[in-house]
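So, here come the structures, one by one.
Consider the two complexes below, in which chain A is the common component and chain B and chain C are the respective partners.
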Partner chain A sequence: MDSIYEALVNIVGKEYVSNQPEELYIYSFDLGTAEPCQPQYVVSPRATEHIQGIVRLANKEKIPIVPLGGGLSLAGLAVPLKGGILLDLKRMDSIIEVNENARYAVVECGVSQGQLTSYLEKNYPRLTHSEPGAPPAATLAGNVMIHGQGDLAQPYGFNSDLVNGLEVVLPTGEVCHIGSVAIGAGWFTNHPLPDVGLFLGWCGTTGIITKLSIRLFPCKRIRGVGTFVLEHEDLVPEAVYKLTHTQMAEDIVAFSSAIPPFASELQQITVNIAADSEKELEFKQEILWDDTLGEYIHRGEGAYLGFVRHLQRPQISKTSDYKKGGGFEYVGSIVPIQRYPECYRKGREISERHGIPYTVTGRCVGAGHSMMFAWTFAFNRADPETIIQARKALHETDDLVLQLGGVIWKPGTYGQKLILERLDPGTKELMGKIKRLIDPNGIMNPGNWEVA
Partner chain B sequence: MSLADFKYADTIHRCFRCGYCKFPVNWKDVNNCPPYARFRMESYSCGGRLWLTRAWLNDQIKWTEHLAEILYSCTTCKNCVIKCPLRFNVDIVNMVIAARGEMVESGRLPQAVKKFLENIELYGNPYGESRAKRGEWANRMGVEKYHGQEYLLYVGCTGSYDTRAQKAARALAEIMMRAGVSFGVLGPEETCDGNEVYKLGESGLFEVLAENNIQKYKNTGAQKIVTFSPHAYNAMKNYYHEYGGSFEVFHYTQFLHGLIENGKINNLRCPNMKITFHDPCFLGRWNEEYEAPRAILRAVEGVEFTEMGKNKESALCCGGGGGNFQIDLLGGSENSPARRRAREAYETGANVLAVACPKCLVMLNDAVESEELANRLEVLDISEIVIKGLSI
Partner chain C sequence: MYTLKFDIEKCHNCQTQACLTRCQHLDIDREVAQREIRKIARGEDSFILHDCLTCYACEEYCTMGNHPFYLIVEQQEALNIPPVPRPLIQRAVNLGVPFRGEPEIGEVHGPVLNMAAFSDLIGLIQGRLFEGLTVISTDDRKMFHYFCQLMYLHYARSSVIKERLPGVINTINRHKPTDVICFHDECYGTYTSYCPAVGIDVPFTPIHFFEFLYRRLTELKEAIRPVGFKVAYQRPCSSRLSPDKHHFVRDIFELIGARYVEREYVDENALCCAGAIQGQRREGSRKRAIEMQRKNINDMKKAGAEVCIFNCPACFQTLGSLLSAEDIKPMYMSDLCRLAIGEKPMEWR
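And then the complex of A and B:
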């Protein structure tokens, strides 16, 4: 009998442990182009105590642990590169608290974006959260773990900037709390205690987030999206800069794609606007479209395409079906907005070189402080050659990001390697020290951010 | 069989596993796919099933009892079809059925599925009960045998053999008699409609059942059929025409709604009933009939109606579809879909959970008992509510 399997069953119960080929197969895959790697066990814990028990077991047996949220990073970050225990965290899905006045929600790590959206719509219609462009099955914890951004990124920044506190199981099994909750003062702020932010962006290599507090924001009665089109990519940075100056947008996204052909080479900018009254909406529309972007219309360089009420849920997975192929992956980057034209042009070149219709997107983060720019490459899951081409294109794009002076967002192992090659030696050494100290047996998501 | 020979070889790889299929329309939770709600492993999600099917047909994984159980745990409730944003969504359940068909062809089935199909073949019902007993539900009711009356009432296997469902079948027959409807039943000559057989992937047996049933109905001169079960309604309405069976088919809630509208049923009264309604998958998502059951409930004086958070196209399946009423791969846990649904119904504050399907009736009745809610939440078929309403 497999003693590790038995020990896992003792921790979470038989129904939530598997070492059968079907589960090992399914959990070996990322949805992108990453090569599959099988775990030896799949475990679905329901409580922090379960995770502590599993982590202690893994330390004793020196088995890798890979935490998995929604599994939608597309960068292979939860592929068990060195086998071990795959920890599917989605059963930890309780919304623990919503504080309406202090505007935050405390959730377990498996709560999905869609679940929180629905909960707020029903119970707190005057509150909303910054929902990322990922499918609604993406988890809040997974999103902050990768420094995701959502549809309130323009006013409020990265979602990981919106964290008020964390509960984390350390690689050796202890539980710790970050933020005001660490002194029992509730979950309302991440400050002003000494910074021990060792978990965001580490992809589960320094611990497992089990609970988090995330900031919520006013949800106005009317929300919708307006679209403006510019004829040339060089116009985008200035237009976005001007839009951010108004401080009237909830979200600003520029994009261009080869499909549909009539829109190819044009640059579309969507601006999410919210208002509590028709008067407020009209005022904002006038400021945004007429006063701010009107000059592009007058010069014949742009056009206003209209405003649609109600925000559609992200349906980014439709991208996977462009070629009826069931797959896509993208390279995300954090770049200065001024780099948009080069990002667009060079990304398009890479796509065309690999026979992939180009799709590029840039979301403004903060008041023009940076942009998350993404190059998307669709592939046909049934055609290995297209997967190889997409993977090559992704790697070329990882290189491109660094050449353009950007930072690769949620890099896969290839991008991580590029970053570590360029990383300030002092920073790398610090990361190594932290990793060795906090995860002495190197069990946490090995193969990612290998600095130790 | 290889993947290349699979009917959906050109489509099955298109599932991205984005997870929309797990949600109801309002995104409340990821528990609207019954097997995923029950087991909470990706292998049991809709995308997991499709990826595993492809891997099996590609010889990347071997057939195992566990693989078969994963595929057969799908209740064919169609939540995935409604929620998937991609263009191939209409074929998602068909892919699962086709994969089951491959298992049938290769003779490798879970024991419970094998037994189900064997019983249908031998006895015309999945219970393994004698054909002669099929009409006993109507003993001493005075229900006529069908001999050319305007309507043939098709009761189906569950209504005929399950003691809880029989009560509801009797209520329906009594309503029809009291409303003066010209109808009859086939009694021991009735045979399984085949809907679940089709969903279990046994297309050959389904064909035999459909052809025999059609011939039988034609021989008796039946043109209008009222079905007690939405499963039978689905088979007769959507599949029988392929075998020459063009009948006018009604689910009984549609029929009763018509009787109410025509004034043949009136003065319905059920004081102090706060009712919530569970949409059966084969009436709702499969046939888009959401209104008739609600219209009946609205016609009952004294009823306060309340919707569950997940209703109509977002209703959580009770877990009894796709053969799971008998093969029961989803039971035995507080996470079983029926128990989840019972809790959702209880959360509304209703004291009656109304259903319009004999399988849902039995599944949810058992679930309410398992949840120890039986004293606070009564599960009633709409026919039972109407007969109560007529009696007060």
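And then the complex of A and C:
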């Protein structure tokens, strides 16, 4: 009898553990191009105590643990590269608290973006959250673990900047709290206690987030998307800069793609606008389209396409449906907005070299402070050659990001290697010390961010 | 190359110059109108070419059977005076490019309903009204093979229409249809007005969607129960190309007991949805579009309309949510007809 299996059954119950090949197979890959790697066990805990028990068992047995949220990070970040226990966190899906006045929600780690969206729409229609472009099954915890951004990124920044507090199971099984909740003062702020920022962006290599408090924001009665189109990529940085100056957008996304053809060779900019009244909406539209971007219309370089009421979420992930075969993976980067033209041109070259219709997207983060720029490579899941081509294109793009002076966002192992080669030695040493200290047996998502 | 049949002699003999004097967006007298239309016909610049909102109405206002709107569009292209900015033209021209392979062609040897570039609205053609009818362009990945292209009149790109339209007609004709019922009246206007005007052959008989609906409702008369709604109708720009079919709007409403409200902006005086206007190059185009929409909706409200009926999906998209916000329900004509025969359209389920 498998003693680890028995121990896991004792922790979560038989229904929530599997070592059967058909289930292990499902968890051996994600939706991107990463090579599959099978776990030995899949476990679905329901409580923080379950996770503590599993982590302690893994330490005792020196077996890896890989936490999995919605499984939508695409870059192989939750593929069990060295086997072990795959921790499927989707059962921990309670929305614990919504504080309407202080505008935050406390959720368990398996709560999905779509779940919170629908919960707020039903129960707190005056509140909303910054939902990323991923499908609604993506989890909030997974998103902050990778420094994701959502459709309120323009005014409020990265989603990981919106965290008010965390509950984390450490790699050695202890539970700790970060933020005001650490002194029993509720979940309303992440500051002003000493910074122990050890978990966000570490992709589950330093601990498992079990609960988080995320900031919510006013949800106005009218929300919609206006679209502007520019004829040349060189115009995008200036146009986005001007738009951010108005401080009237909720989200600014620029994109261009070979398919569908309407978006080909043009730069489309979508601007999410919210208002509580028609008067407020028209005031904002006049400033955004007429006063701010009107000069492009007069010069014939830009055009206003209209405003569509109601947000259609998610938006960016729809690109996965533009090519036969349903496969897509993208390289994300955080770059200065001024790099948009080069990102577009060089990304397009890479796509065309590998016979893949190009798709590029840039989401403004903050008041023009940076842009999440993504190059998407579609492939046919049934055609291994297209997967190989996409993987090559992804690796070339990882190199490109660094050449352009950007930072690869949620890099897979190839991108992590490139970053670690360039990382300041002092920083790398600090990361190594942290990792060795809190994960002495190296059980947390091994294969990712191996600095120790 | 296809050439527009525009007869300037007809303009010389015209007693009204209604094409331009009746324009809702210009304020000019007969003398100015006569001078400007002649200039346009001679290939000269005219302020009309710059100020035209491309609402199509002059095609209907012309009493001489000429084609003033097609002429304006051709000259806008010839003199490089596009009504919209360059990237909007490029985007629109790209939009109509098929990109998901060839359509499957089945020979019908009978009447067909052509969904054209609105395959995703197939939910609107369900139920007894459409029983037994073969539908073509049902795959939204391949619908641009059936796209009539006439939209490019808004973009001063007659050349694109002429280049692509024969291929579209050929695709439809490969189905071996007899009658082609056009889901959108822009298609109907293409095949019955634009094609003859520029000399493109149409080897099938186009049928207007509302004429088809009226005929089917007549056949199903026993099932009709008066709907009783107070209705307004949003007349699309392309219906100006087939004014002889516009009476079917009123005919259908009468047949199914919809109460057609009395309005200022109705029939020949209808206001377009302004969807094509908001992105134009002229200073203030976005606000102009909003003002037109406001006038149009206020007129419907004042007339007591509970429901606004649409033929055109673009009009529906442009005005639908604005109408809803004013408690006027936007609805397609086919859905209204289905209600009248006791069926529940999709949104009622």
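Just so we're on the same page, the second predicted complex is superposed on the first by the 446 of 452 C-alpha atoms of A that agree within 3 Å, B and C clash if a C-alpha of one lies under 4 Å from a C-alpha of the other, contacts with A are read in each partner's own complex, and residues count from 1 in each chain.
By definition in this document, contacts are C-beta pairs under 8 Å (C-beta built on N, C-alpha and C of every residue); 3 or more make two chains touch, one makes a residue touch a chain.
Keep in mind it's a predicted model, so treat the numbers as computed, not measured.
Asker: What does the overlay on chain A give for chain B and chain C, a clash or a fit?
Answerer: After superposition on chain A, chain B vs chain C: fit, no clash.
Asker: Using the superposition on chain A described above, determine whether A:R422 touches chain B (first), chain C (second), both, or neither.
Answerer: Neither partner.
Asker: By the touch definition at the top of the document, which applies to A:H191: first (chain B), second (chain C), both, or neither?
Answerer: In the superposition, A:H191 touches no partner, neither chain B nor chain C.
Asker: Is A:K279 touching anything from chain B or chain C once the two structures are fitted on A? First, second, both or neither.
Answerer: neither
Asker: Regarding the shared-chain residue A:P260, is it in contact with chain B (first), chain C (second), both, or neither?
Answerer: second
Asker: Between chain C and chain B, which one touches more residues of chain A when both complexes sit on the common chain A?
Answerer: When the residues of chain A touched by each partner are counted, B comes out ahead.
Asker: After the superposition, what is the least C-alpha distance between chain B and chain C in whole angstrom?
Answerer: Scanning every C-alpha pair, the shortest chain B to chain C distance is 5 Å.
Asker: So which positions on chain A get touched by both chain B and chain C?
Answerer: In chain A, residues 324 are touched by chain B and also by chain C.
Asker: For chain A, which residues are in contact with chain C within the complex?
Answerer: On the chain A side, the touching residues are 229-231, 259-266, 278, 282, 285-286, 289-290, 296-298, 300-306, 308-310, 324.
Asker: Would you tell me which residues of chain C are touching chain A in their complex?
Answerer: Residues of chain C touching chain A: 84-88, 90-92, 94-95, 97, 99-100, 275, 278-279, 281, 283-287, 290, 317-318, 321, 325.
Asker: Per the contact definition, I'd like the list of chain B residues that touch chain A in the complex.
Answerer: Residues 10-11, 13-20, 22-23, 26-30, 39-43, 48, 51-52, 55, 60-62, 64, 66-67, 70, 85-88, 309, 333.
Asker: In the complex formed with chain B, which residues of chain A make contact?
Answerer: 15-16, 18, 20-23, 25-27, 29, 31, 42, 44, 70-72, 88, 90-91, 93, 112, 114-115, 117-119, 121-122, 135-137, 313, 315-318, 320-321, 324-328, 380-382
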